[in-house]
Structure formats: structure tokens, C-alpha cells
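First up is the structure itself, then whatever we jot down about it.
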Amino acid sequence: MSGETETEMRKCTILSSMIDNRYRAEIPEIVDLVASSCSDRNCFDHLDAAVIPSREAMIEIIDLLRDVLFPGYFGDQTVDRSVLPYHIGNEITILFEKLSKQISNSIIHDCDRYEENCTECLEQGQEETIIFLKKIPEIRSLLASDIIAAYEGDPAAKSHDEIIFSYPGIFAMTVYRSAHELHKQGISIIPRIMTEHAHSVVGIDIHPGARIGKGFFIDHGTGVVIGETCEIGDNVRVYQGVTLGSLSFPKDETGQIIRGQKRHPTIEDDVIIYSNATILGGDTTIGARSVIGGNVWLTKSVPPDTKVIIAEPDLIFKEKH
Amino acid sequence: MSGETETEMRKCTILSSMIDNRYRAEIPEIVDLVASSCSDRNCFDHLDAAVIPSREAMIEIIDLLRDVLFPGYFGDQTVDRSVLPYHIGNEITILFEKLSKQISNSIIHDCDRYEENCTECLEQGQEETIIFLKKIPEIRSLLASDIIAAYEGDPAAKSHDEIIFSYPGIFAMTVYRSAHELHKQGISIIPRIMTEHAHSVVGIDIHPGARIGKGFFIDHGTGVVIGETCEIGDNVRVYQGVTLGSLSFPKDETGQIIRGQKRHPTIEDDVIIYSNATILGGDTTIGARSVIGGNVWLTKSVPPDTKVIIAEPDLIFKEKH
Amino acid sequence: MSGETETEMRKCTILSSMIDNRYRAEIPEIVDLVASSCSDRNCFDHLDAAVIPSREAMIEIIDLLRDVLFPGYFGDQTVDRSVLPYHIGNEITILFEKLSKQISNSIIHDCDRYEENCTECLEQGQEETIIFLKKIPEIRSLLASDIIAAYEGDPAAKSHDEIIFSYPGIFAMTVYRSAHELHKQGISIIPRIMTEHAHSVVGIDIHPGARIGKGFFIDHGTGVVIGETCEIGDNVRVYQGVTLGSLSFPKDETGQIIRGQKRHPTIEDDVIIYSNATILGGDTTIGARSVIGGNVWLTKSVPPDTKVIIAEPDLIFKEKH
């Protein structure tokens, strides 16, 4: 090994560490800039806040919930009927711990962003968790009706198992139906974190405030938007890209938008809405058993037993040049 | 430190543990409720089942497959050409273990939900895995044609590398082309779990049963739906939101929908379908070299060499009030 | 325990291991097939490359960046204002290490796929990282304007906190605004990996090259596509499924598509574009304060202060049979 190479290597190392030091030396100034700039309307911060509702914790909770709602489907071990109570018992206990912490955090977050040890908030968090956990059989029964609707509504479905294992609409409904119950209990932030997680996973955006009857089937689902004040009856079927949204919304005298009004449509029982149809407005009602065709854009009510299809567009057939 | 504060703190702890016990005491009743309610049509369970096809395992398998299909792109270490056989050897061995387990599970799941030690099922799982692994060069060659099509079809593409590293359509096709081969072998559940994983990651929903020729390019891709019985030729290009779906499907005398018929369109070679176009029906054929414009809604066949564009809508231009 | 069962079990084990060996024996042949087939246009490989830009590392960097941009919202611990400089200091230091490594890798990847120890590349990577980190206050200020726009534009938004914790549009903009700065610095591959990660998480596809003013709000967002050469003014609002895309693009004499031209529209200040509207072409300009209705398909410019809505389709109301 020649001395030259060794010298070169040493030169290289020295050079490299010089570079390193040169740029690294700028870090304190940047830290100062970044930390000090966070003091006005140009920065939203959540400093000194006692609690952080945790998206990661909510995802864990959703996974646990799913395992309780569909026993034996999603765990990493098989579950025998004989040990089911122990299995469920273990999971409900963990759910209680984790969910009551998040609900308490959400209550503390609302009640006063800065008080960490509000005993009442902790108590209320546990109480709300118990109320929620008692609703599991009811949520499960609604989800069973959704699975049956999927099997009856999709010729590509090979089995109920396949639907539970893989259908995005069932995942969205599992999360929505759970989040909706928490929303009804008046818990803030957490229900939306839950449904936005489902939105992120399957591309289906259902606001936790929407009201949806039994036997709801969303096929494919990407791009579906169901707004906060929607009211949907039983046995409704909806395809990808369907929007149930709001028309432009009124503002008060000061120019602030008015929140909390019914802004989204009412869909009665047994309606089918095909892909990319858009139905808007709080006064818009789609009557029972009606069928809304693909790409339809509706801002007016439709009576029951009606088919609404878009007029055939003037397709222009011409030889390509 | 005053004695008062200490007393207060103790009071608080006692209070807090009392609350805790009060709500915690309700857990057994809830467990009983949740476990016992799982015994009718209101609950889908997978209890006493010997096997659980695992989504997590399939995601690991997809990652391994991607590394074998595109050597050196996705691992956490660089791969030299000289050690490639060892690298591939290692990955194929792991793939064989993991994939044959999942395929066997899927076969056992189908053959009889309750028999864990079906030797024939295990054997068949390994045989099907070997058959699949031998198809890797063919799958790789098809994917290479897809990457070339992406580079030729997208002015924003800076390099083949950028396409492989980041394009969602290539990820969807990697998963679909692998799942499709398993689907052709008659493996159930697993292919759909694979494509629904891709659907979740990139918003592109391709049923593993669809047949797609070489050089297929999906740009942007969110919202694309390609149904189970689609037949797509070579060098077809498709943009975001395109649906190749089914019209309403026939039911038998008992009111059950009929499964397994061709319900989705045929797209011939060299066709381009722009964003949010919808083409429906098993008898609908788009002739070779045709171009389907954005937002077009088609339920009828189109001859070769045709441009189909939606008639210009009557846009209403008016001064805003 | 009868001897018979034992014998049977042994038989079973022997049989099972025979099967195992039979299929396992085929692995070397498959490895050979897979490794040797990777030597032509049928296989894209990244072998012998010194560096691999890492999607996983970029995701970690995005999470760190988000915590620096919104202090106290996303960490797993609460942050007091008094310790903010230490918190930020720690995160900026880690960001410098991780990001400069990725940027250097990207520069090495471009400069010469095979030279690992290019000192200049390492130096340039660190320099570019310092330049980027100094822009954090500016990025944060733009994001604050986006959050305010979301609160003012969405009646369902309950608080700024809810928007930061859960709105997909804010996540997309956080990633885009960071990636755009790296893109402006001429860093390749990494910005696109970043925005494709956001695309995957929230279904919103913004090319890092697009230029977007302050106060930009994307509601719901799934399916939104904003192309590379878009120019968007201040206070623009956009809903799910909106495409700002290109018309068919010109090719040069050799049939290669021409890259780098303005192919995407210009949107002036205070424009609103409703769901699933599509606006195409590099010469298309939407004038200030205009409103583009849902499902509109536009390839022509629109003057300022204009409302463009699709003509009401001839809906066909008929009794269902």
C-alpha cells in the first residue's frame, strides 16, 4: 500500500469533516430563526398544551375495535369459540384503557387547553368510554347488515369472508359507525381523526356527523364524500366518486360562515347512486327506491320511484387524423 | 411544602382511583354482552377457523416481490451485479416460505374452514408457489413494458428511475400483475387482498381477474376502477378517475344476482381514455387506436380509430353578483 | 395413546418433509432464472448503484418537518414554550443529518450513478439542506395562511386544531410546500417521492413543480390532480376530484414527447373550483374571482369575475318498472 493513497485518504477525510463543520455551524442560527418565528399568526403551535389527541393511538384503537367487531378475522392467532370470552375480555380491557385516555384528552383539550389534572375530565372520559363500549353489539349488528348488502349488491363478491377481509367500503363503515357513536356522545376531534384515518386508508370520506341507516354498501369507494349533515335511509347503495355535499353556504352579517345548519342531502330507503354522481344541498331529498345514474349532477329533490339519468351526450365520432 | 397540598394530592389520588374502580367494574358485564351477542346473523365471526389469511403477511410478500422484480431499487442496501444471485436467492427462499404458507392457508380456508392439518393442502400450496415464482421473469418483462409506456406517455417524467421510485400506477401494476397470476391459478382471497392493498396505497382499484396487455400506463390514477371481467389490449393509456365498470347486472329467478358473467368492457390496442371517463357493460368494445375524452359516459361500443368527446357543455358566463 | 396414531403421525411428518424437499429443490433453478433474466430491456435494475434515495427515510423526514412546522401538535410528548428552542434544536439537528444524506444521494444519483465518494456531492447536499432549512419560517407562514383559509372556507371545521390534526388538504400542502422548495433548488427525485407519499396518504396529487400562492384550501381532496406547470394565485379554493391538467402534448420530429413546456392552466387570485371540475391546457387562464362549477370541463380561458356552470342536463324522470 503506497503512502500516497494513505495521504490522499487522510486529506479527503479532513476535507470532508471541514465541510461538515462549515454547514453544521449554521444550525444554531437556523434553530433560533425557527423557534423565535413561532410567535404570531404566521405559526400555529400547540405549545404548553397538556394533552395531544394521538392519531397513532386512535389507529391502534381502531384495529382493536375491528377485532372485537369481527372476532377471529384480523388477529394474528386463531380464536376458538370456547376461549372467546377471554379473548374479548382481554381486548375490551385494553380498549377501555386506551380509549378512555384519548377521550379524556379530548375532553381536557376542549374544556381548557392548559389544565392537565382535571379529575372531572378523567372521570367523564371513562364514563363516555363505558357508554361507547356498551354499543358494540349494536354497531356489530349494523355492520353485519352492511356486509350482507355488499354480498347482495356485488356480483364480484365471492364470499362474506372476502368482503370482510378486503372490501374498502366495509373498513370505512366500521370506522364511521364507531366514530358516529362517539360523535353522538359529543366527543370532539377524535371522531374526525378516526374517519380521516379511514379516508386516508380507503379514499372514502364520511363525516362522523352523517346519519346512515342499515344495509349501506359503498362499492369501490375511492372519492366518495358524505357530508356532515347527510341523512341516509336503509339499504342505500353508492359507488365510487359519489359526492353528497353542500351548496354554497350562507354567511352572517360579519361575513363569517354560519356553522351547524343542514347543508347536505337526504337520501331515502333503497336508493342506488351510481359512480361520480353529485347530489348537493340541505333541501335536496332523493325519494325512496330511486336510482341516480352515473355522472348526474343534482341540486333539486327527486320523488320516490324515479330513475334519473344524464341525457346522452352528443358524442362526436370522427376519424382520427 | 405545606401539609395542605399533600393532603389535597392524596385526596385527589383516592378520588381518582375510586372513579377508576367504578367504571372498570362495568367491564365484565360488557365483555359478557359482546361475547354472547356473537351468535347470530348480527355478527360475522371467524371462530374455530384453522387459518387466517394475513393482510400483514401479504404486504411483506408484496414488498419482497417488488424487490425481486426491480433489483436494487427498494432495498435498504445497494446490490452489486456480482452478488445478485445471492441476493435474489435469499429473497426467493423467503418468498417461498412466506407465500406458500399464505397460499396453503387460502386453500385450507376454501377446502374446509376447520381442518388445519390437510397435508394435501400444504402440498398444493407449495406447488402453486413454485408455479408462481417461475413466472417472475414474465411478470418483470410486462412491468418493463409498463415503465417504458409511462416514460413515453408522460412529459413530466424525468427518468425511468423516477417512474419506478415514485409512480403510483407502476406500484398498482406491480401488485396487479402478480395478483393476476395467482388468480389465474385459482387461488382465492389472497389476490384480492393484494389488489385491495394497492387500492388502499394508491387509490387504483384493479380486480385481479381483469386481463391487461403489455405497455399499460395509468397516469395519476386516483379513482381508477377496472372491473373483474375487463379485457384490455396492448399499449392502452388511462388517466385518473376512469371507470371500466358494469351496467346493472341480471338476477336469477330467486332474485340472487348471477355471478361470473362478462360484465365489464373490452378495450382494444392503443386506446387512450382521459380522466373521469366511464365505460360500462360487458358488450361494450372500444375499437383499436380510439381516444375517449375526459368525462365521457359510454355504454355502447365504439369502432376503431374513433375520437369520442363530450359535446361542449353550455357554459353560462355571467357577472358574479 | 395407541401405537397406530403415533405411526400415522410419523408417516405424516415424513410425507410432509418429502413434499417440502420436492418443491424446495426447485428453488435454485428459479433463482438462476430470475437472476439471469435481468440483463436486457425486459428488466429495469438499479444494480451497482452507489445510492438509493429512500422512500422510508423521506417519510421520516416529512414527519420531522411536520413537527417543526407545527410545534407541539404531532409529537408523542407535550412541548412547553420554555423548552421550545431545545426541542426545535434537536429536531433541526436530526433533520440536517437525515435530509442532507438524502439530498446528497439524489445529487450523486444524478451526477453519476456509480461514484459513491464524490466529496463535492456530499458538500452540495449539505449546502442545499442548509438553504432549505432556512426557509422553514416562510413555509410555516404559507401553511398558516392555508389553515386560516380552511377554517374560513369550511362550515364543518370546528377549530384550527381540528384542521391541523385531521384535514387531508393540510397534510398535502405541508408536503407540497416543502417539496416545492427542494424542487426550486433543483433537487431531483426526492421532491416527487415526497409528493407521491402525500398522494398515497391523502389521494391529492400535486406535482412539486406547481406554483401555488398563499391561502390555498383543498376540501376533501381525494382525486385532486395539480400538474407540474400550474400557476395558482392567492386564496384559491378547490374541491375533491378537481383536475388541473394538460391537453395532449406535442411531440418532436422523432416522435418523442417534448418535456418542460407550460402544459397546465393558470388560476388567478380568489378563484373557487367545485368538485370534479377539469381545467386543461397551458394557455388556459381562469380570471380572478371566478367560480367554476362542479363537473365543468374547460379547455378555454375565462375572464375575471365570471361564473361558469354546466348546463342543467336533461334529467329523465321515469317510473321504475
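Order as written gives the chain letters A, B and C; numbering starts at 1 within each chain.
FYI, a contact is a pair of C-beta atoms (placed from the backbone, for glycine too) under 8 Å apart; a residue touches a chain by one contact, two chains touch by 3 or more.
A quick note: this is a predicted structure, and the numbers were derived from the prediction, not measured.
Student: For the Cα fit of chain A against chain C, please give the angle of the superposing rotation, nearest 5 degrees.
Tutor: 120
Student: Any idea if chain A and chain B meet via the same residues, over half in common, or different ones?
Tutor: different
Student: I'd like the Å distance between the centres of chain A and chain B, where a centre is the mean of that chain's Cα atoms.
Tutor: Centres of chain A and chain B (C-alpha means) sit 19 Å apart.
Student: Mind pulling the residue numbers of chain C that touch at least two other chains?
Tutor: In chain C, 203, 222-223, 241, 276, 295, 310 touch at least two other chains.
Student: Mind pulling up the chain A residues that touch chain C in the complex?
Tutor: 12, 15-16, 19-20, 23-24, 26-28, 30-35, 37-38, 41-56, 109, 188-189, 192-193, 196, 199-200, 203, 205, 207, 209, 222-223, 225, 227-228, 241, 243, 245-246, 249, 257-261, 263, 276, 278, 280, 289-291, 295-298, 302-303, 305-311
Student: Over in the complex, which chain B residues touch chain C? Could you list them?
Tutor: 68, 70-81, 84-85, 88-89, 92-93, 96, 100, 117, 119, 122-123, 126-127, 129-130, 133-134, 136-137, 140-141, 143-144, 147-148, 152-162, 164-168, 201-203, 220, 222-223, 239-241, 275-276, 294-295, 310, 313-320
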